[in-house]
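Listed next: structures, encoded as structure tokens.
In what comes next, subunit A is part of two complexes: it sits with subunit B in the first one and with subunit C in the second one.
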Partner chain A sequence: MKIVVCLKQVPDMESKFKIIDEKKIDESQIAFKINDFDNYAVEAALQLKEKLGGEVVIVSAGPARAQKDVRQAFAMGADWGIQIDDPAVEAGDNYVIAEALQKAIASIGDVELVLTGVQAEDDQASVTGVMMAHLMDAPHVTNVVKLEVNGKDLTVNRELAGGKNEVINLSIPAVLAIQSGINEPRYPTLPGIMKAKKKRLDVKKAADFGASAAAKTEFIKMFIPVSEHKAEIIQGDPKTAAATLVNKLKNEAKVL
Partner chain B sequence: METQFISERNLKFMLYEVFDAESLLRYPYFSEHSRETIDMMLETAMKIGKERLRPHYEEMDRNPPRYDGKTVKVHPMVRSFMKESGDGGWISIFAPFEQGGQQMPLLAGFLPTFIFNAANYSASVYPGLSTGAAHLISSFGTEELRKAYIPKLYSGEWQGTMALTEPQAGSSLADITTTATPTDDGSYLIRGQKIFISAGDHDCAENVIHLLLGRIQGAPAGLKGLSLFLVPKNRIDGGGKLVANDVTTAGIYHKMGYRGAPITQLAFGDGDDCRGFLVGEPNRGLSYMLQMMNEARLSVGFAATAIASAAYYSALGYADERPQGRPITSKDPQSPQIPIIQHADVKRMLLFQRAVIEGSLSLLMQCTKYADLEIVCTGVEKEKYKLLLDLLTPVAKTYPSETGILSVSQALQCLGGYGYCDDFPVEQYYRDMRIHPIHEGTTGIQSLTLLGRNVTMKNGKAFQLFLAEAETAMEDAETIPELASFAGELRRAVETLKTVTNSLIGLAIKGNIDLFLADATLYMEMFGILAVAWQWLLQATVISKALAKGTAGVDSTFYGGKMYAFRYFFGYELPRIEGLARRLMNADGLTVEMPGELFRD
Partner chain C sequence: MAKILIIAEHFDGKVEDSTLELCKAAKSLASALGAEPAAAVFSKDGAVANEVAKYIPAVFSVEDANLEKYSADGYTAAAKAVVESQDVKGVLIAHSYYGVDFAAKLALALDCGIVSNCNKVAVEGGAPVFTRNTYNGKIQENKKVKTDKFVATFEKGAFDMEAAGGAGAVTKVAATIGAVRTTVKEIVETMAGAVDISQAKVIVAGGRGLKDGDKYKDVIIPLAKKVGGEYAASRPVVDSGWTEAARQVGQSGKSVTPDLYIAAGISGAIQHVAGMKGSKCIVAINKDPEAPIFNIATYGIVGDLFEVIPAMMENL
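Showing the complex of A and B:
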């Protein structure tokens, strides 16, 4: 089975974020890593490959620094990859990225399954995969927690609220957003790390695939919201504290 | 709770800026590796540390191994971690490619374990023991032994150990009595008792492979009669099946710290059916074992430094957040309290830790770099690095172990009363830390080795080489105006060390061996402080050069903090050698002459 995993490099969310001119993050203080959700997609792809044969191709849109994380997926066992290193794509919105990814995937030929993480840790948009499926004219399922392949048919479990699942059949080619917890992503191994640096990674521009979509949305600004909620610790012995609490719930919050 | 336990930034600084790891990668032996692969290795190790090891740290302490009269039950994570360490190639990290290893330079290859040590010391020792055992078999064992035992040690399915200690033979290995009787098939019948054997038996490994020191019947007494044997818990029979090899676990010890890993008491050959296989030549066991022990001593130094690092980050997190007291000059009781990190005395405690941790790590990495150079160089160069490594190994084991205890103690102190309670992990770090001056050779024994053997070996050649290394560092620092005075202080300290060393050797020459070695441990302390000062000067030189070039821009916090730690070491720690020197120059023999009975009142 020929499987593509779309992988995004994101800032380590434990980094200290500084916003420059309400436009972008100051990258000098930030460490970058694989979007954690994508690790589950890579693992799901590798498990399918181990069962059914075929290959796992990583496709990533991002600047040069993203290469180390594509190679991280190589070290886990992915076979080769394409990196779209194009400032125009970087500057675009999710739609621009979805189109570039989709065209890159089309260039590989005969891709049967495209996996993504459920969302990117940084922008949390959860739309790139859906848009890609639309552009590919392929079915899409979100929140996949179980995945079975039967020839050209897929049976997937989709996670619903409250721990429920629904089971969906669809056929390939398809795009699936893999939910965390579906598997336990493997760590790169040292032999894998050594092999990773020799694996093929094609660095391309959007134009190489004929991708040229314009953004459908306009970015205005980025800022850290000021919290308007304050916690108050009610002092005093239990009896007075309880009375104060009831009073506040009645008169200030007006919920009693 | 503080999640950081190590500074990745500092690891990269040490690797690439101070020790120029890339220069090692230019040697053909290491050329398969690159900065990229090393970075990826470290990133993976950090993930494993954070996700797999750290979450079990307290749990493994509160639920230590249990012995039910037959087997030793350890935390189930040990099984999955051993498998991961096998699959990941971590156990075989230093072995050559042709033996299925990763052929990683030691300079970089010790760091994943360092990270694991900091995340969860107990868990990290299991795979490390197998690395050491497999290395011994591969260095000195027959092809047959290698084929039969190494793959399963590397895969993490089997556990390796080192089995030296006996009830009457701890520091004094010359008193080992375990015996080996030759049999017709070339194997030996082993009989004896070993105690304190780390991971000597547990339910997360299918088999345990002991690298054991014993004495072939009729062999000479003392160290010259010790041979090295491979003794499996289950031996491989003619058909390739595992059968019990008459190794029984008699019990486990209940330890103060490092409680996630068992130390066992083992009986070999109670039923006269315990087979051992000679590794290398008869009566040369100790010299083989020394290879493993020297690596293990560096490992102990790394582990001690790692635990101190984890404790430091706990203390730092707490000091940032704990409001207590006001500036000394503030008179207003209504003003808000300040975080304790603003008090000079708390900063002193934090700086002490950082100076010890980053200085120790530097000395250890210096040693691993010498070990790498010994592998890739030939002739005089090879000999040089071997001597430097031999000289410094006991120091790199002892300084971090002894001073690390003080460092963790200061971390605990930063938390006040909470430091003493198990709400925070620091009291556990303190308990876990305490083992390091004891195992792999006590501080007393390491100090005797340093002064009684290493400093004088080959007519003092190793010591001269060390002085030359320090000289190079001082000359380099002297070219930088703001470091010149520090270089001068180190130069004075080196002169003091030379004077003390000559005075002590003078005693030895006169035959006063008791006096010569009576205060070897103080000599070790002095040597350690000086060696770490040398390492701090190397780091400060690198930083000053980077700052001068303007390449340190975004790292001003990191470099700035480091320069304070450097100045702290020279300002607060280096002067200690003067007191030590004064005592070391005094040959009144106070401890030698005091009779044992006077200790009773």
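Showing the complex of A and C:
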């Protein structure tokens, strides 16, 4: 089976975020990593390849720093990849990215399954996979927590609220947005890391695939939210703070 | 008059709370834009359309055997038919499991911009400006669309629920639904478990900050026992198999409202907060002073949970 995984590099959310001119985050303080949800998508693709043969291709839109995490997926076992390193795509919106990714996938040819994460941890949009499916004229399912392939037929579980799953049938080609917990993503092995360095990574511009979508939304500004309600932060070293907290829980909040 | 249209969501004949929130949103947004609020309801026989009409003055009902269950193809075709038969300016959809599955498809089918996962909307210069969380809630952004129409999805809880009152007019809209390429075979339960944490008065919840399953067991469970409560977890803890699924709190887990909820090593992602924000007293223990959990906590300790929790144990 020929599978594409769309992988986004995102900041580690425990980083210290600073905003420059209400427009962008200061990357000098930020460590980058694979979007957590995409890690599960890579693992799902690798498990299918182990069962059915075929290849796993990583497609990522992002600047040069994103190569580190595409190669991380190579080290896990993905075969090769495409990086769309294009400032015009970066400056676009979800639709511009979805179109560029979809055109890049089309250029590979005969892709049967496209996997994404359910959401990017940074923009939290949950739209890219659905947009790509629409552009490909293919069916899709989001929030996939179980996946089986029988020839051209897929059986997937879609997570619903309150611990329920819908069991859904559809046919390939299809796009699935993978939810965390579907598997346990593997760690790269040392031989995997060595091999990853030599794997093919095509660096392209959107125009190389004939992608040219214009953004349909406009970013205005970003800011650190000010909460009307902030916790009472208990000061002191861990021992003092813990003692104060227990005292407050017993005598002030009266919940212990 | 132009309309602000919500797409109603229902399950087993019951209208979802998120739909009642959207009714409220549609009313205020419509009045700010000089438009009318309306709802679109998709079903097999229209029964649920009358239910939605208690909350909003105009309901457009698309009825088709292919709309008995939710599907992205069915909902997109039906919504497009309503938008094209009416003067619709914008479409509001819940950022729910079904909402995220079709909202972006509808936006492309309508050739308009989508702003997803919003928590607020204001009108500036005659156009809606949306506010949404990014970076796990550490940063928010404002966005607007460049197109004539818009689609927006909203987080659960972004608006209060509209109360039942009037009897809105229900109008049938004809639509060609076409092929539905995803077939729902059945619905299964995945979180059945012996424990029911939703009854506990005190809950001690651990998150990814616990680092591994052994530490979760060594730190969280003893504290829960000591305070006579239940232990619980964020989703990554359950995903990694450190504890059972029945103990997961959040959008895809349990909703809990104990007197005391202690969140240790949990960042406070919106999907976690959705399941515990109704707790009476919330304690957050996190080494990151900017973790969003501090925005909803009553008391917070900024520090290493592996130092703070043992010290709490000594004082209990």
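Heads up, the rule we're going with is that the second predicted complex is superposed on the first by the 229 of 256 C-alpha atoms of A that agree within 3 Å, B and C clash if a C-alpha of one lies under 4 Å from a C-alpha of the other, contacts with A are read in each partner's own complex, and residues count from 1 in each chain.
Basically, contacts are C-beta pairs under 8 Å (C-beta built on N, C-alpha and C of every residue); 3 or more make two chains touch, one makes a residue touch a chain.
The shown structure was predicted, so the numbers you read here are calculated from the model rather than taken from an experiment.
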item	value
Subunit A residues touched by each partner, larger count belonging to subunit B or subunit C	C
A:A196 touches, of subunit B and subunit C: first, second, both or neither?	first
Partner chain in contact with A:P188 - subunit B first, subunit C second, else both or neither	first
Subunit B versus subunit C as contact partner of A:Q29, first or second or both or neither	first
Touched partner set for A:R71, first subunit B, second subunit C, both or neither	first
Intersection of the subunit A residues that touch subunit B with those that touch subunit C	14
Complex interface listing, subunit A residues touching subunit B	14, 28-29, 33, 68, 71-72, 75, 187-191, 193-194, 196-197
Residues of subunit C defined as touching subunit A within the complex	72-73, 95-97, 100-105, 107-109, 112-117, 129, 132-147, 181-192, 202, 227, 235-236, 238-241, 245, 251-253, 259-260, 267, 280-284, 288-290, 294-304, 307-309, 311-312, 314-316
Subunit C contact footprint on subunit A (complex, rising order)	11, 13-14, 16-17, 19, 25, 93-95, 118, 121-128, 130-131, 133-135, 139-143, 145, 155, 157-171, 180-181, 184, 215-225, 227, 229-234, 238-239, 241-243, 245-249, 253, 255-256
Touch list for subunit B against partner subunit A, complex	3, 32-34, 36-37, 39-41, 43-44, 47-48, 84, 87-90, 93, 102, 104, 554
